[in-house]
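Which chain is which? They are A, B, C, D and E, in the order written, and residues in each are numbered from 1.
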Amino acid sequence: MSRRLELRQVSKRFGDIDVLAGITLHVEPGEFVSILGPSGAGKSTIFSLLTGGLDGYGGDVDFDGRPLADARRPFALMPQRDALMPWRTVIDNAALGLEVQGMSRKAARDEVASLFGEFGLAGFEHKYPAQLSGGMCQRAALLRTVVQHRAMLLLDEPFGALDALTRTGMQRWLQTMWDRHRWTVLLITHDVREAVFLSDRIYVLSRRPARVLREIAIPLSRPRKDLASPEASAIEADILDTLLDPQPAQRT
Amino acid sequence: MSRRLELRQVSKRFGDIDVLAGITLHVEPGEFVSILGPSGAGKSTIFSLLTGGLDGYGGDVDFDGRPLADARRPFALMPQRDALMPWRTVIDNAALGLEVQGMSRKAARDEVASLFGEFGLAGFEHKYPAQLSGGMCQRAALLRTVVQHRAMLLLDEPFGALDALTRTGMQRWLQTMWDRHRWTVLLITHDVREAVFLSDRIYVLSRRPARVLREIAIPLSRPRKDLASPEASAIEADILDTLLDPQPAQRT
Amino acid sequence: QQTVTVALDWTPNTNHVGLYVARAKGFYAEAGLDVQILPYSDTAAGTLIANRVADFGILSSIGLFTQRTAGADLVATYAIMQTETGRLVFNADRADIQSPRDLDGLTYGGFGSAWENALIGTIIRHDGGGGNFETVTLGTSAYEALANGKVDFTLEVYTWEGIKAELDGKAQRTFRYADFGVPDQHTNFIGSSRAYLEKNKDTATAFIAATRRGYAFAVEHPQEAANILIAANSDVLTDRPLIEASLKALVDGHYLQSPTGAIGTIDPAKMEAIGDYLFKAGALRDGDGNPAGERPDFAAYYTNAYLAGEK
Amino acid sequence: MSQPFSATLRIAVLFGKVGPALLSVGTLVLAWELYARLSGISPTTLPAPSRVLAQAIQQRQALFDNTVPTISATLAGFACSLAVAFILSMLIDFFKPLRSALFPLFVISQTLPLVAIAPLIVLWFGFGLTPKIMLVALVTFFPMLVALVQGYASTDRDISALLHSMGASRMRIFRLARLPSSLPYFFAGLRISITYAVVGAIFAEYAGAAKGLGIYMLNAKNNFRSDLVLAAVLVSALLTLVLFAATALIQRAAMPWERLDAARKS
Amino acid sequence: MSQPFSATLRIAVLFGKVGPALLSVGTLVLAWELYARLSGISPTTLPAPSRVLAQAIQQRQALFDNTVPTISATLAGFACSLAVAFILSMLIDFFKPLRSALFPLFVISQTLPLVAIAPLIVLWFGFGLTPKIMLVALVTFFPMLVALVQGYASTDRDISALLHSMGASRMRIFRLARLPSSLPYFFAGLRISITYAVVGAIFAEYAGAAKGLGIYMLNAKNNFRSDLVLAAVLVSALLTLVLFAATALIQRAAMPWERLDAARKS
């Protein structure tokens, strides 16, 4: 079986600024891979490249063994923060991807409606995002992402906007969902613990211009009920020391 | 020696809403105490009561053994987020508290200038907050707080607005600073790990109306270089289980 | 020196020549007066006088009769025009307009005073028409609208708009009001309020006398008067040929000085006739807007008492 | 504070909001009435509000007849302005250089004194509805265009990026994201513009019209009837306030989610 | 993008910004010139821009003499409006019920058609600078007041709470936090108001003035000089643009930190 996604020496500049400086990474089918890196490193830029939001980059990107053709759109993206439309009800937000794919609004609603229970949103179909808690918004955004039935999910800091307590709850929930559905996932985060808790493998990026500093396999057994096992803690401490300069950052 | 701060059965209502339902807690001189609780519980409300931002509450508040008289203002507050004034340079922001106390701007500047090195802000005296990274802004805000030479520091989620990586760096730095100065600190946070890492004792609050669910002493030795020691992890896991409902929150 | 303020009725123009001449020639100074010509404003001169914002002002005949009947404290003290300067005007190429009755059903570009409709209606009916025409109110652009063909006819001040058209070679034809049953009138007056006149009898007399000297000088020396007028309003009066031609028309047409030699004198017969006409046309209304019940005493509307020589 | 209100509480709150307004407006009107009556000022100069009201009622038919054309001009002009602003804002959104090309023209158009422009427009377009529509459009067009363009720009980048990743076309992204995002700006612009629209229409009538509140005012003024001038002013002020309230109602209906936002924030 | 620009790059960027503007304005003027020359339209109805410019230059002294009073009225009126708006905004900020009492009056004041109000103002205030200042203040006052009140309300609650915790008085909090917070709103309001200020001053002159651009326009029109009317329109448009640019410069100087913000966001 060929790799689901493979980036080889991918580089990207914005004007005078080098953002990506030769990124090489891959994701196997059914694998949960995370990208960890400082703010402004270029993590979201990688997703933009993959989803066709940018043109003109160096290096190769293969998907399922063939070069990534723009038109195939094999990815379902969950952008940083939830990106829910405040003017659409939750069900219409969740159905957005299907509507854009050409499905009628009615059919799209019917399809997503069946998933509301599993995502803990039953009864909130016709509420607006403003009527939901932060955690519920994140679940709605994830529902909108998975319902597109793409070959791979790209999750860009899905819980970055949540407070620490809610975030922990959502991480536990995501792990349960992934265990059940076994999506192929590439997750961006700068929460080390989140990466360790959820991933099969982690790529650690440097500050801009981003290079892959380390690739770390997480051999912990699943489900990872215990958030603070000694092994997990050790991996976490190790990664943190890689990331944190001896001097705290002087500029973002 | 009497307790520095003691709250006994403190309660507060806003209109029809009970926010604090009998909070009892205390802080010893030189102690680092944290308050942990869900968002909207009423944590910041406690600080508002202490700093005279609200009137009309139930229960008693003693400071150094005597009832808290409004005029004494024994607290230096660091509000949620950094609350730096974008229109003041860093040094003028840091000197704000001294200016309000009646010091001339020049004298206040001189006094704070000497501390810029220790707070990792040397050379940035005459920059505006917008020219600083998030972590530097937090340090400037903390500098503004400690320079007021109050008997006690009230820190309201000082690192809540930072990304996880920067936050970890700032937590390490704060521990170093506290080790050196031994301020009396009451810290609000909803980051369990942050509380465990920094505190001598932790109060865990319930959802609104806030009650004290648990009081937990952290017997870990200082300095706590290792963020992920097994003991720390165990305390953390314990607290998290207290806080996280079996079902994730339905509403904030 | 006594200060006297005068409010204008329009942009400074040849109608006002006597004021500027008297000032420039020192007639006012000789009479011990410091005359300030107030800037033209959107507020009618009659309103300014009645509210004691101005001592004197240029009043249109219609303004005098309507405002006075409605209760404003106004008295005409000097007739600038000895005869009507207004005309009903239309483009010469309008073959369909041969006499006023042809105006029925056409569009009039007007200025928004009630008496205009009475005036035009009278003219048309006098000529055997029905007096039905459309009115669009245009403020001050009626004249341009006529040139553009947007309206069929309007009213002009012959000695200003009419002369300009002649100079531009614009072919226009006019109807004189007096030819169609409208009594001739002194189109403009210099007027004041009874309150002012009673308190400042001597000043008022001196002012009217000096002003009359100004107009008399203009009648004698139109060229020099034109120079004075232009010099006093250099920003405004940029069209020298127009000023000169207009003054010439005012003099030659016996507007400023009647064929019998009267300058400034108010003719009681004319006042009674036009007053009568306006009353019958329903153009005179009381302060509440109801048509005046009985014929007002028009003799109280004017006085020649301040003209030099007479008392 | 999403607790249900009791009916009395509701009324109390409403009065708390409206009370001071009624008080101040009432005081002003009363002071004016007293001054007009006691100072002996002539009613031609400053008629008492009671007289203005009495005249307004007596002349209600004439006032009504003259209000209708003004409303037509206001609404038609505003509708045109909206339509053109909307089309241009879309073009600008799709083709950015248009913005730098057209905005200076619009800024300049706002600096032209209406008093000088209005007569010219009337001369070019006659006395029908056209010149009034043009003038109303002139005063309202630019604020609406700016509001729309700012509104589009306020679109959440994440939402755009998301739609792009889903394969949505530019047109689709415009319809699904940029257009709804512009609504709050649109309505803010609407509330400002509608005030100018009425004033603009009245102004246009001054430059030439057969009927309308502006003409009514002009006639009243030229016939030295200050009370009728003020009666027409009263009607025009009421008209503006009604249109103002209407836009607020339309906004509530068009943006149900905004009310929730507000409720949540409090 | 805070890299230093080379000089040529700077010029290229500037032209990229100004180019389309020049192009569109130029095209418009050219079209007008051609139409005026080729259509045979009379110069009284629509003079060619070249003629307007030539006359403007020839009459530069008169235009200048008439611009000075308009500028004085604009600036004096605007200054008064600012002063009163500032004082009232402070009172409202310290005593909230004033807001609900006064705002309806201000909203109503904006709905009054100036054309109807202007003649009354001369009666009350005479011919001096006063009525012009009043009218300019009337049109600019409300936008400035709203801007200031909104600006104060935009103050970061955390900053207020912090100052309160430090023991700062309400006056002190106002000065240290609320006032600086209002600056961006203040300047946004300023840019809108300054446009109205010029138009308002020109309008006010119709209500009675010896000199000024409005009077110049009126006189030129009554003397059948459309070209001079347009020359004065040109001057007034330029005046507005200059004042507009001046407020932008003042804002840059008064808010050095905002430039950094913008630089950082890009």
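Please note the rule applied: a contact is a pair of C-beta atoms (placed from the backbone, for glycine too) under 8 Å apart; a residue touches a chain by one contact, two chains touch by 3 or more.
Please read these numbers as outputs of a predicted model, since none were measured by experiment.
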Distance in touch steps, counted as few as possible, from subunit A out to subunit C: 2
Most distant chain from subunit A by Cα centroid: C
Chain centre separation (subunit C, subunit E; CA means) in Å: 39
Inter-centroid spacing, subunit D versus subunit A (mean Cα positions, whole Å): 47
Junction residues of subunit C, two or more chains touched: 47, 51, 140, 144, 148
Multi-chain contact residues (two or more partners), subunit A: none
Where subunit E touches two or more other chains, by residue: 45, 119-120, 123, 206, 221
Sites on subunit B touched by subunit E in the complex: 48, 51-53, 73, 75-77, 79-81, 83, 85-87, 96-97, 100-101, 128-131, 148, 154
Residue numbers on subunit C that touch subunit D, as the complex places them: 44, 46-47, 50-51, 66-67, 70-72, 109, 111-114, 134-141, 144-145, 148, 150, 285, 287, 289
Sites on subunit B touched by subunit A in the complex: 38-39, 120, 132-136, 160, 163-166, 168-170, 172-173, 189-194, 226-230, 232-234, 236-237, 240, 243-244, 247-252
Contact set on subunit E toward subunit C in their complex: 42, 44-45, 59, 62, 65-66, 118-120, 122-123, 126-127, 206-211, 215-216, 218-225, 228
Of subunit C, residues touching subunit E in the complex: 10-13, 38-43, 47-48, 51, 53, 140, 144, 147-148, 164, 168, 234-239, 242
